[in-house]
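Take this structure, written in structure tokens, and hold onto it; I'll ask about it next.
Labels run A, B, C and D following the written order; every chain starts at residue 1.
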Amino acid sequence: MIDKTVTDVAQAVAGIADGSTVMIGGFGRAGQPVELIDALIEQGAGDLTIVSNNAGNGDTGLAALLAKGRVRRIICSFPRQHDSWVFDGLYRAGEIELELVPQGNLAERIRAAGAGIGGFFSPTGVGTQLAEGKEERTIDGRRYALEYPVRADYALISAHRGDRWGNLVYRETARNFGPIMAAAAGTTVAQVDELVELGALDPEAVVTPGIFTNRVVAVGPRSWVRDGGFVGGVDIDGNPLSGSGASR
Amino acid sequence: MSASSRVSRQELAQRIAEDIPEGAYVNLGIGAPTLVANYLPADLEIILHTENGLLGMGPAPAVGSVDPDLINAGKQPVTALAGAAYFHHADSFGMMRGGHLDICVLGAFQVGSNGDLANWSTGAADAIPAVGGAMDLAIGARNVWIMTDLLAKSGESKLVTECTYPLTGVGCVSRVYTDYAVFDVIGNTFRVRELFGDNTVEALEDLTGLNLK
Amino acid sequence: MIDKTVTDVAQAVAGIADGSTVMIGGFGRAGQPVELIDALIEQGAGDLTIVSNNAGNGDTGLAALLAKGRVRRIICSFPRQHDSWVFDGLYRAGEIELELVPQGNLAERIRAAGAGIGGFFSPTGVGTQLAEGKEERTIDGRRYALEYPVRADYALISAHRGDRWGNLVYRETARNFGPIMAAAAGTTVAQVDELVELGALDPEAVVTPGIFTNRVVAVGPRSWVRDGGFVGGVDIDGNPLSGSGASR
Amino acid sequence: MSASSRVSRQELAQRIAEDIPEGAYVNLGIGAPTLVANYLPADLEIILHTENGLLGMGPAPAVGSVDPDLINAGKQPVTALAGAAYFHHADSFGMMRGGHLDICVLGAFQVGSNGDLANWSTGAADAIPAVGGAMDLAIGARNVWIMTDLLAKSGESKLVTECTYPLTGVGCVSRVYTDYAVFDVIGNTFRVRELFGDNTVEALEDLTGLNLK
């Protein structure tokens, strides 16, 4: 029997070695594998290259990983946020390398890694600083720059439901980078709100087929979803509306 | 130039909304362009794309109904209309890069008379760089419209012969909506499409230092 | 109100001009837009370039279009079938041009057209006849050949359900080329078994968002599906098991 | 060489099936390799991929339950197991090209000692060319196994120093299962992995004209 489920987040991130490249899903709070990031911090791997749309915010999650000096290099599209002080400080101090990539090129480069494409000509960024030094070519009258795949040793992603074969479905715009990162990493670790029986996911609606997933760990429902239905009652970060903001 | 000759940001958003036809697929950039959504006529179906993975984006939810899984590219809570569809980032940016969006409305630091756009970086040495989807949006829609004040806070024209800020995209802008007037970018020049209030082409030439005739 | 539905297949294929490039979905019987192909034959456009995995079989559908001399050139991966006599005859007589493309390269080239990629390096076919004359490059130790997008003026595809915005879902392996062709054509025409109300399709499970679809025409249920459920009773071509084979 | 020294096609399919571990993602090519599915142990979960867009392919349906929408790459009716997933062609071939399949079993006209594979065209001048997914499969799995008779109908060895038929893929084959023996392709040579019946390496050298030691 194939069973990719693991019982806790520590097992889910076991084996990530110093020097690894790790993709981290999510765009804003949506699709951020917060429990897996915490487990990675706990696990202790350092000298990491992180591939993620953002570079952390506040003092938790990816920002906490950065603050502990575990990240040597980050490949992302939008590191600067109003509360990205941890990254900002490291960057200004020259203590972290940044490869800034337009968001769609980042997505397509990740997709290329998963799909076995050696490189592709993208029109995005051509003629700008971010394409300086890249091979350029005009094809059918449009200018393109050559972009290479971005792959990783591990991908940490967050999905809504998963089964023991690693089939995954997402929820709304939390899908974002999950499906493409899952295909681009040697080992893909998915946290899911809920594990379901094999066959419970509609094969027409599976977004990430299990072939891309290596480990699945259930982390329990999101606080704004109950019994599969949206109940709200939180702010955009998922904190309870009436609460003190003490939750993560 | 009197203040009354300038339209407010809300009026400009409304003006832009008037130019969006029913059935258009539209991406409204982060910041001021987001306001355009407030003025799209309720009786017309215009389909909003947000590049983080949704077509058919609806208005913001009520406070208690915020869903952190359902956000726009500005990371603000949104809703999804009947007829919406979710997709991942590669599909979403492919949609843009592949020329499937009709209109994209973006902000600007500078627009060049050749259609170049600068809106992602001031080039300041100590700034933390961040680009997000700006460059993908700039080259990704059939029509790239800019919504901006004509003058920067410093008083300098944002419409320029050649951009001095780092570029976002080359030759990509087709129209610029400003608080003084609407300009088309045609044949490497700005042409005045519409003057607001008592503005004149001559007065705009004075303000911008551009030849607008 | 956006309404991409048209009332009959003649309207669905209206405007296809002589000399057009037309993509035709399907792999085997699955996903083949048989009603739209018949309508295209009726419509009369000629000098066509067809992009399709196969080059027709028997004497109906694409084979009938070929037999009428309407096709100048075909881009496909597998023209030869046991019953592809129409194509075979034209090919041997030098009356049709063939661009033979490995199936995965064909799919990726169609996908590239829809996604605005100017070209990509594929490992498939490198070192074989089918990559002769193509630009080759070794990237990270693997050999690749440069492949260019395949786009079309029209795509004719078959989906299971659709709504008036052009959102589409498919059925099982009939999905095959539909979603990528929909994105690669100037005008995408989808025949659907069933039109549904806007909002009836689960936004998590929409496979082709309406942005890619220009016209939708309902052609009625497949004979092996009744009230949304599979009932079988047909052969692999969809002909009734007990019947004379007189059906298409 | 006595006929008893050769295994039947069914026995060979069974032999291949024994080498496929639980949890493997496997694509079985059109023709003889399809037989391997019949010998996969029912108590092991092995996930079959068919490149037209399905993971988790199950056995053929009963006659009355044939679903023309649910077919394999050979255009034969199949079923889908619990846990299956459907996807489009670009995703499916990306899955293959991206190295996500563990094993692919293919037929062959010729296999070169350098791992080259020829299985799509005899090069005959008047043949209608057709390639389908052959080239994608050849380069697309981590392990490309060949299932073939050792000798062509003409009596010539299909294992050769260098392929003379048009190539399907370069250096892609890692193992060859034949009716006489199983060979590994290692360091530009065929190594005998397993002899069937009373075959000897020497006898195989005679049959193939290859140096197998």
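We take it that a residue touches a chain if its C-beta (ideal position, glycine included) is under 8 Å from a C-beta of that chain, and two chains touch if they have at least 3 such contacts.
The model shown is predicted, which means the values in this text are computed figures rather than measured ones.
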Each chain counted as touching chain A and chain C at once: B, D
Distance from chain B to chain A - Cα centre to Cα centre, in angstrom: 28
Chain B-chain C separation of Cα centroids, rounded to whole Å: 36
For chain B paired with chain D, centre-to-centre distance based on mean C-alpha positions, whole Å: 54
Residue list for chain B, restricted to those that touch at least two other chains: 80, 86-87, 90, 93-94, 96-97, 140
Chain A: positions in contact with at least two other chains: 108, 111, 115-117, 122-123, 170-172, 204, 207
Chains that touch, pairwise: A-B, A-C, A-D, B-C, C-D
Residues on chain C engaged by chain B in the complex (per definition of touch): 1-2, 111, 113-117, 163, 165, 167, 183, 198-199, 201, 203-204, 206, 209-212
Parts of chain B lying in touch with chain A, wherever the complex brings them together: 50-54, 61, 63-72, 75-77, 80, 86-90, 92-94, 96-97, 116, 121, 126-136, 139-140, 166-170
Complex interface listing, chain C residues touching chain A: 108, 112, 115-123, 137, 139-140, 142, 144, 148, 169-172, 202, 204-205, 207
Contact footprint of chain B on chain A as seen in their complex: 27-31, 77-81, 84, 87-88, 91-92, 98, 100-108, 110-111, 122-130, 143, 170-180, 207, 222, 224, 230, 232-238, 241
Chain D residues touching chain A - in the complex, by the definition given at the top: 22-23, 25, 45, 47, 49, 55-56, 80, 82-87, 90, 93-101, 140
